[in-house]
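In the two complexes below, subunit A is the common chain; its partner is subunit B in one and subunit C in the other.
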Partner chain A sequence: MNLISHEFLLLFVSLTLAAYYWLTKTPRQKMFFLLAISYLFYSLAGWQFIPILFGLSLATYALAKWNKFGWGVLLNLAALILFKYWNFGIENLNLIFSLLHVKLSILNLGLPLGLSFFIFKHIGYLYDIQQKRYSPAVDFWTFAAFSAYFPQISAGPLSSYKDTASQFNSLPNKLSSEQVTSGLISISLGLAKKILIADTLNTMLTSPVNTVNGFSGLIPAWYLVIAYAAQLYFDFSGYTDLMLGISQLLGIRLPQNFNNPYLANNPAEFWERWHMSLSNWFRIYLFAPLSRSFLRKWGSEKREQAQYTANLITMSLVGLWHGAGWNFILWGAYHGILLNLGAMWKRTNRQIHPLAEKSIFLFFILIGWALFMGQSAEYLTHLFTQLFGFGGLGARDLLLNLFKNNATLALIFAIPITFSGVAESANLEKQIHGNKFALIALGMLAALCILLIDDQIVNHFIYIQF
Partner chain B sequence: MSKKTYTFLLLCAALSQITYRTYWVNFMDAVSRPVLHFSDYMIVTEEFRSLGLLLSLCIFFGALFFFRSPGLNQKISDNKFWHFGFLGILFFLSATVIYANPQGRFPWNKHANYIELEVRSRKPDLYKKLEHTPDLVLLGSSVSFLVPMNYFEEKWDIQAFNMSVNGGGPVDFVNLINIIKKTSPDSKMPAIIMVEILSPSLSFNNLEQTPIEYIPEMSSISQQISAIWKTISSTFRFNSLSDSLFTLFIVDKGRWDIVTTLTGNGTMIKNEEDVKDKQYRKSVEKDAVLMDELQSCESLDGTGKLALEKLVQLSHEYKFSLVVYRTPVNQDFYTFSNFKPSKYSGCAQKFDQYIEGIAAQNPNMFFKDLSQYSPIAAGGKEIYRDTHHLTTRGNILLLDALDNEIESAIQWARKNR
Partner chain C sequence: MDEAITKLAAYISKDILKQPSRVIRSDEALISSGLIDSFSLVDLSLFIEDNFNVRIDDTELNKETFDTLEQLAALIQSRQ
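The block that comes next holds the complex of A and B.
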């Protein structure tokens, strides 16, 4: 189901909320209702993948109960590899085997919605139980509801079983006015970010302009990269705000995923502000065990090397997580190098002007997004040639075309909003509490956004594909 | 940044929007033309959407920066203010859409509908008003709007009715047959049904289909539910709002005469003034993407196939002969765009194989693929209005090309009814 459609917003969410508060009374009933509605939501995205979600949830729950944590992790990883990375691996092997005239066949399995998100929740659960961080799930149904919880399943935010499932025991019959307002603010902000900015920028980024033959010159190249950086942020943080708001109206608080990432001063801070729940996951479940194992192997005198190597491996895998493509791996490794360079710079104790520091870092982030947006090697080569000025400034007609486009209008608004520090729902909520005009404006905004939705045009959230 | 800087940026944004409009819409050209064609009012709609976007962006900006409270951690009493804004604007705007009913989705017509979508509800109404059942009924898409039905009387001495509707596809045709069956004046079915197929994929999802589906004569409950839902969701769209404003303030006040005229036999009357080369080329280029979508497919649409088979089944049940044909694609579509004819041959082949298979098994069915018929396809602006819509002259050539099939269908009907 398209999350930005009248069908989802006016029908699915409204009916779910109405039934949730009118038909169910006890927390247990509500939990079962959430489980049923989450599976209904999942089936609308592809009913054939229901057995995958159910089977993996059941296996994870059972293997954790029997203390077979390694098997649980292996099973989940096997499913992830099979559905998400198998074809990528085969395509690369075929390139090598083509010399031997051997061709392995591609599997057309399709990608289940939110596969990597629910699998990461499962792996986190198995690891936490093994480390005795909290007790295992009391019953399978609570675990299944945690695994399939619909505001989370498409693209996160990732949360631990302890944080989310513990709230299933105290699901409210009535929400306070503050909770409702907070949820509605999140929804309004999420819709505005997605519909007004991300989707408007998308019209330019998916147009023939953003192709190898579509643009040339320094200004158009930077325009496209900046537009892409803004689109990614507004699209994904818009999704998060929308889902946080819906979840809050169901009485469940999910973790924040963004904290003004483009205000970061250095690579480490960026990853504390961008896709926070995924960064945390990789920090806890991959980086920490990895660096500990390197330390054990190499000794404490090689602490820095252990950190750098763990950074590089973790970030390359973060890249791979985003998609089965070399550009994503390259982007991840690039961020690993940036993190290491950032750590080295910090150790020198040198200081530069904060604005210069921010600007230099922002430049590197944008170069990273240029890697991320690479559709092909040919496109990447073209984009980087233009970004570094090897194609002139840009033809007059193209510049005029860019200027005339609605995307420019969206970008003019997007840039100050990005750097304002109030663009996250948590911050905004604090800022506008008690101001009735701001609340009316946000209500009007939500209504206008709903009026702007065109059900004929499907603009999925970008991170849903990851 | 200070509020002054923000205000300056907002002004820049507004300025860029105005510049954009000036470049985009050739305003002087638009006002100098007495009749606003379909493509032109689309521009009005898009303009309104852009202004809606600008308004929304300003409110977004305002809510973030201008209305924020100076004090933090203040308690709010309730969420009624959010509701006031949300429900207030939604109620006001949707009420306007429902009242104006610009797309004929609601069962009242206080104001003149100005868009061609109304054809979907007007054609069945016209059919009900006929004194006698016609010998032939033409089912098709907007491509067939200008087919002159009097020509059937001149050439084959039969009465004909044009029941083609916007975006008409196989599913609509089945619904229309049911309507014809129930509303034919002397309770008898026409002897011949002509079916125009625009898209070989048989999928018409990218075209507007709503109004006909909410006609009560529809066959399936799921279609009715989907039609009701489409009506509700279209009520909450900026496009409908702009259509409403256009209906209420421009069309209704007689400032723009673009209500489509239909004759009693369903033929549309259109002002076919001389089209300039530049204008014609623009129209072809504008529709190129749609044409590309309509012609492309990996496999034939399952629902479309079912509907076509249902149509054949109905032809036996009601004893009428079927003439099915594919319309010619304007060759200028390939000339003016980067699309190559070879891209579509796979889909076309699948369709031809499929339909020829059915025709071979059903003696009352006559099929002709005219998609590459060069006397029409290479005719340029004398024959085409854009990539696929034919002029009256083009339609006459098309009927001539179908002479054998129509003649055979008449013979079959005379023999078997």
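The block that comes next holds the complex of A and C.
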């Protein structure tokens, strides 16, 4: 189901909320209702994948109960590899085997919605139970509701079983006016970010201009990379705001995923502000155990070597998590190198002006997004050639075309919003708390966004494909 | 507790930050200020494990659990 549609926003969400508060009374009933509605949501995205979600949830629950944690992790990883990475591996093997005139066939399995998200929730659960961080799920249905919870299944935010399922025991019959206002602010902001900014930028980024033959010159190249950086942020943080708001109206708080990432001063800080739930997952379940084992094995004298290796491995896998493509792996490894350079710089104890530090880092982040947006090797080569000025400044007609485009207007709004700090729902809520005029204006903005939705056009949230 | 703070401060300044002359106040923010990063937190947790026989879980290596030497020393003391 398209999340930016009248069908989802006006029908699915409204009916879910109405039935949730009218038909169910106890937390247990509410939990079962959420489980049923989550599976209904999932079936609308592709009923054929229901057995995958149900089967993996059941297997994870049972294997954790039987203390077979390793098997649980292996099973989940096998499903992830089969559905998400198998064809990528086959395509690369075919490149090698083409010399021997051998061709392996690819699988047409499709990609289950939110696979990498619910599998990461399962692996986190198995590891937490093995480490005795909390007690295993009381029953399968509670675990299944956690695994399939519809406001987070499409693209997160990731959360632990302990943090989310513990709220199932105290699901409210009624929300306070503050909770409702907070949920509605988050939903309104999410819609505005997605519909007014991200989707407007998308019209330019998916147009023929953003192709090898569509642009040349330094200015158009940087324009496209900056537009892409803004689109990714407004699209993904818009999705998160929308889902956090819906979840809040159901009485469940999900973790924040963004904290003004483009205001970060260095690579380490960026990852504490961008897709926080994913970086937190990698930090707890991969980076920390890996660093611990390297430090034990190599000794603290080789701590720099341990840190650089752990950073590179973790970030390359963060890249691979985003998609089966070399550009994603390259982007992840690039961020690993950035983290290492940041750590090296810190060890020199040198200081530069904070604004200079921020600007230099922003430049490196944009170069990273250029890698991320690479559609093909040919496109990447062209983009980087233009970004570094080997194609002149840009033709006058192209510059005029870009300037007159609606995407430019969206960027003019997006840039100050990004750097003002009010782009995050938590910050905005504090700013407009109790201000009736601001709340009315935000409500009108949300209504306008809903009116602007054209159900014939499908603009999925970008991170849903990951 | 003062002894623990002195020992932790010495390890952070000498071994982690490589600035032996750097004085770390007991109420100085370590994590939220960016003074020590994620890797150094793991390093510090191993030092605590070896020297105080106290385990700090990877999920606790964040500013919500402790942000200053005072808070860290109190956490260690509560687990000894």
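Basically, the second predicted complex is superposed on the first by the 466 of 466 C-alpha atoms of A that agree within 3 Å, B and C clash if a C-alpha of one lies under 4 Å from a C-alpha of the other, contacts with A are read in each partner's own complex, and residues count from 1 in each chain.
Everything below uses one rule, namely that a contact is a pair of C-beta atoms (placed from the backbone, for glycine too) under 8 Å apart; a residue touches a chain by one contact, two chains touch by 3 or more.
Here the structure is a predicted model, which means the values were calculated and not measured.
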Sharing subunit A, do subunit B and subunit C clash or fit in the superposition?
fit
Based on the superposed arrangement, let me know which partner A:184 touches: subunit B (first), subunit C (second), both, or neither?
first
Considering only touches as defined above, state whether A:288 meets subunit B (first), subunit C (second), both or neither.
second
Is A:300 in contact with subunit B, with subunit C, with both, or with neither (first, second, both, neither)?
second
With subunit A at the vertex, the Cα centres of subunit B and subunit C span an angle in degrees (to nearest 10) of 170
On the superposed three-chain arrangement, identify whether subunit B or subunit C touches more subunit A residues.
B
In the superposed arrangement, which partner chain does A:420 touch: subunit B (first), subunit C (second), both, or neither?
first
In the overlaid three-chain picture, which partner chain does A:268 touch, first (subunit B) or second (subunit C), both, or neither?
second
With both complexes superposed on chain A, which partner does A:311 reach: first (subunit B), second (subunit C), both or neither?
second
How far apart, in whole Å, are the nearest Cα atoms of subunit B and subunit C in the superposition?
21
Common ground on subunit A, meaning residues reached by subunit C in one complex and by subunit B in the other:
none
What does subunit A use to touch subunit C in their complex?
128, 131, 133, 265-266, 268-269, 283-284, 287-289, 291-292, 295-296, 300, 303, 306-307, 310-311, 343, 346-347, 349
Footprint of subunit B on subunit A - complex, ascending
5-7, 10-11, 177-178, 180-181, 184-185, 188, 192, 195-197, 200, 400, 403-406, 408-410, 412-413, 416-417, 419-420, 422-423, 428, 430-456
Seen from subunit C, its contact residues with subunit A in the complex are 15, 18-19, 34, 37-39, 42-43, 45-46, 57-59, 61
Residue numbers of subunit B touching subunit A in their complex, please.
1, 5-6, 9, 12-13, 16-17, 19-20, 23-24, 49-50, 52-57, 59-65, 67-69, 71-79, 81-90, 93, 206, 229, 232-234, 236-239, 241
